[in-house]
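In the two complexes that follow, chain A is the common piece, with chain B as its partner first and chain C second.
Moving on to the complex of A and B:
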């Protein structure tokens, strides 16, 4: 489990970083909690690792009107400790606690998780469910891609090889929004089998995210619509939103069923964030 | 402070920590597929890579003998250390690269091209049986795919089944497990002229020395195996593995030290696995619930080499479990499959037997409408020694007292009331499960002996023993044991083990044998040392031996007094040896579990777990408690989360390593865990000790599955016989009647 040889740079400006990423075979490294493992397994390649640790532009959480911009250097543990205020922050706190275990959370990042695009990633579910977007930069320019378009499939995203995801932008949730996250999982430290995140707005409408129920994290549009119609959102999630793949410990029919159960449960268990 | 605190505070020194000047690092080229003809191995590029010292293929090992099987079949097919013209399991070693560091070794490994022509795999015993029935070419030409078949006990008379009031017939599966010690396999071979010093994380150093000497045609005396600290083994580190022979060959060829540290990915694909049995068990009972007969049929996955083909015999031998049953028969068949070899894993055949019998006993209780505890109590063995129909002689015990204590701690009455309340008022289904077991410790004929010696010199006392710690606190327990015999302070005794250059013979540490066999050998050697010292002092002082007393390490006679070390220095070394032999011992226990089941998701939540074991006389409570907790954790792993899932060809579906192969952690241990012991001394052991290493692995799985079966049995649409280990939520959901 030793990686093939690679070069390593730690640029101090975004321009330097983007120049470095324009090198064929270059890859971004943030927390490295997934990338280093894949390099060790030699199932992904990198001739150059561009470490974003010193890029000030990628640090911190920034409030905008109606949205919150979370920089690519913000770690799971920062969100777990309440880096974001309000109902959105409460949802981030609740979700971060499910991710891996504390040593991983102290290095890994939210944006890094989106770029790794694991099907069972809680952050992918949350960001897709809230209708967030990812900011991408390269020497060719900047663009913003909706998370639903950014996540292509397992470990596949819309980011080009030379693009750096600098931040994720999530919508601010109004006061009185109830939030929650529930999971099915087999051990505390493994991946989720299925996770469901929910934000129920004061008007009663919901933003639902699902992980592990499809090749990527998804927004459960059908479940949201069913809820709005007064129908069973679980049934809609299981039969319409979920698109699971066979798993050694979870047949497709079971995963669909779990997606439905968890959507019902997360809606039943949402809580109002403390002021 | 205990001597073993060193290991739990990160100060252990393992094979990977050894600093040996000029040491090279090895990495293996392994088969990516389970079964194929190997038409070519092209090492040209690898040999030219920077830092590469050597690439070895099968052709380069022409003079090296076969890998020795340990508990194998008599008709063992050839097993070259590097696959020659065919690969028969995923991860089988095909070539070895030696380089100046592990990174460069792996870079070179990545360039070795294999020309493979795939063949169909046979991943399971039933696939192997079908291939044999069809007359397919066997896995090894000229060798039967049924590697071993053996019966234990006379067959149950047809009449018995006919006249029985009730017969239950249960089919079960023991999944394949990965032993997964914290430290995987590790070896460092130092050539020293003609001699070899082999540092290896190993349970059986004398066996490894013999294995290496045999394969290379060397005198065993020139192979010194030294076991430094070892990070766990669980049975998997006692063979002479093919990788070890390849590393020895490389070190000898280069005349330089070579080290191989197995990584986690290799350990999960290429290291031996445990369990792996298809089981059918039938129990016949009369109207009073007395067991008339047990019949156990086992079809075991041996893997691609019959390294442990005879091990499932342990399951057959154990088929009586804790019950006085007039007729008990087991038939064990070991099948060659295109999977990584199956070998010993903590419990090694006894968990499989306990699971089969205890699951069937609960199905019988359900059929009879009997209380599972009462049904067991009615059938427990009460008189000892007890000869089972399968050929075991149980030494001692009070099985009923152990079960009673378990029931006391489990409080089934309280939980049954809660179960009824939930059935009436709603709530997650709750279940209570119980399981009894009898296991065997110490080993089998051939290893039912152990060497111990105690030496006195002016530095104190040195105890030598043929066991070999892989993390167990032998240094603490054995030093205290010898010190206690000698009446000296524990810090005056140093333990030496795991070094064939220091200990002349030994059978190592497995089968829960170290305290029982090694401890007894040391106790007897310490007693013998006192006798030798008294005789020596009597000579020196010209008095009768009876006039010399041993007083806390000092010899006294009248006004004369001399510490033992001084006596040794002034005369000649004082040393006493003992070779202890005895029949095996039979520890036993009763386990109880209370679970609730999430009826929508199928997930199992442990509300209480009770373990009451009888290890005979306990030498060191801390050590034994640790063994109990660790084996309980591994039992929980088997019953709830762990499984090597294979595809149809025999390749493991473990893409993400330990994120797919889910080990229990501290967070998975039940909060309400009640552990107790009874202690009926072992009659054949001078210390009264029985083995204490494997209990939880044996007792936990049937207790938990029985509890889940109890929880769901009365639910509409549920079928407890569909429960399979591991009890993943999907499995339990299906048993609940979920459609999938």
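Moving on to the complex of A and C:
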């Protein structure tokens, strides 16, 4: 038994959950695949874990007109099995396969990954790259924050300690959109060094996400703009979008280079989703 | 902290345990229920030797709190054999294909494969899919070739039966 002691509650309504989260030191637990690891290592602390497992409001995928709302209880494996239809679903399937391993994907959640905000998180890259947003709720009210504003830095987000991320909203991708995800990693068992996600819309414009290239997952705006001008998006990603930090196995210049290569590679490898 | 009463449904048997919330499922299985077939290796979700099935899906029982799986169907390596004691076909195949040496990782691999084959036995027909699955768990002595062979033997037979 490695974590320090904490209390534990399983609220059945959102109101109860938000009341519990107003307790100082309270933390949300969904899949717990990162939180329990960090509590075990005592890299983080909690006086109370608020388990969202019984909150119906957080379950499932909801289609809206121009967007798809993915609840905070939706696990990696649900997305891997095709919980979302169309090109967006195909991109989620392709990305989910890069997340950890099946026994972790059966517990961990997409929204949980966004809240954990690991710099190499594929989900953070995808959600930032698509220009998604995170829905937050607390006893003080509700708000929606763009993923680009939600992700502050490594393991830092815009969520206040008493706020619960209830869902992520991603834009629906039109039919004919080509999608892809590529990674560079040192070993199969490790995290991504750099990952790139792409959605190329039928009009030729692209939405590009990068993981590992900056302190958070980012949208590669400069690479998208370069592509639209007919210039090399890889060069723009490497020199403008990437903002890497020194890494034990990768100097800054190398990570920039990899970001550029992966942007070119993912654009070359995008595939159209099966209808 | 407050210890909680939790009903754990393990290998078809109901157990009422009183646990501190911070205790991992793997620890409660081993220390409170005496089910020491579930091993603890790294205790932070990397090695996979603590793999158990929760509602049929493989999970790392070191990264799941016992209080999180109240009322869910938990299956451990002790629950693989048939009621009459006949070993699971995977257990027989592991023996036949020399898929273990020291045996420490074996319970995790057996449970991982049981969950995967029950969900989709065709996973063994594609080398990439099988490798991606087996990469979930670490074997540090005999290597993965025997484990692959055992998985293929059972999966192919299973697919033929369906």
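Assume the second predicted complex is superposed on the first by the 274 of 275 C-alpha atoms of A that agree within 3 Å, B and C clash if a C-alpha of one lies under 4 Å from a C-alpha of the other, contacts with A are read in each partner's own complex, and residues count from 1 in each chain.
What we mean here is this: a contact is a pair of C-beta atoms (placed from the backbone, for glycine too) under 8 Å apart; a residue touches a chain by one contact, two chains touch by 3 or more.
This one's a predicted model, so the numbers in the text were calculated from it and none came from an experiment.
**Q** State whether A:41 touches chain B only (first), chain C only (second), both chains, or neither.
**A** So A:41 meets both chain B and chain C here.
**Q** Does the superposition put A:65 against chain B (first), chain C (second), both, or neither?
**A** In the superposition, A:65 contacts neither chain B nor chain C.
**Q** Go through the superposed model and pick first if A:77 touches only chain B, second if only chain C, both, or neither.
**A** The second partner, chain C, only.
**Q** Tell me the contact category for A:186 with respect to chain B and chain C: first, second, both or neither.
**A** In the superposition, A:186 contacts chain B only.
**Q** Would you check which partner chain A:2 touches, where first means chain B only, second means chain C only, and both and neither mean what they say?
**A** A:2: touches chain B and chain C.
**Q** Let me check the overlay on chain A: which residues of chain A are in contact with chain B and also with chain C?
**A** Looking at chain A, the two contact sets intersect at 1-5, 41, 188-189.
**Q** If you look only at chain B, which of its residues touch chain A in the complex?
**A** 102-103, 106-107, 110, 263-265, 600-603, 640-641, 643, 645, 653, 656, 659-660, 662-665, 667-668, 726, 728-730, 733-734, 738-740
**Q** Where on chain A is chain B touching in the complex?
**A** Where chain A meets chain B, its residues are 1-5, 41-42, 184, 186-191, 193, 248-254, 257-258, 261.
**Q** Tell me, which parts of chain C touch chain A in their complex?
**A** Spelled out, the residues of chain C in touch with chain A are 1-2, 4, 20-24, 27, 43-46, 48, 51, 54, 57-60, 63-65, 67-68, 112, 116, 132-133, 135-136.
**Q** Could you please specify the touching residues of chain A with respect to chain C in the complex?
**A** 1-8, 29, 32-33, 36-37, 39-41, 49, 51, 53, 77, 97, 100-104, 106-107, 188-189
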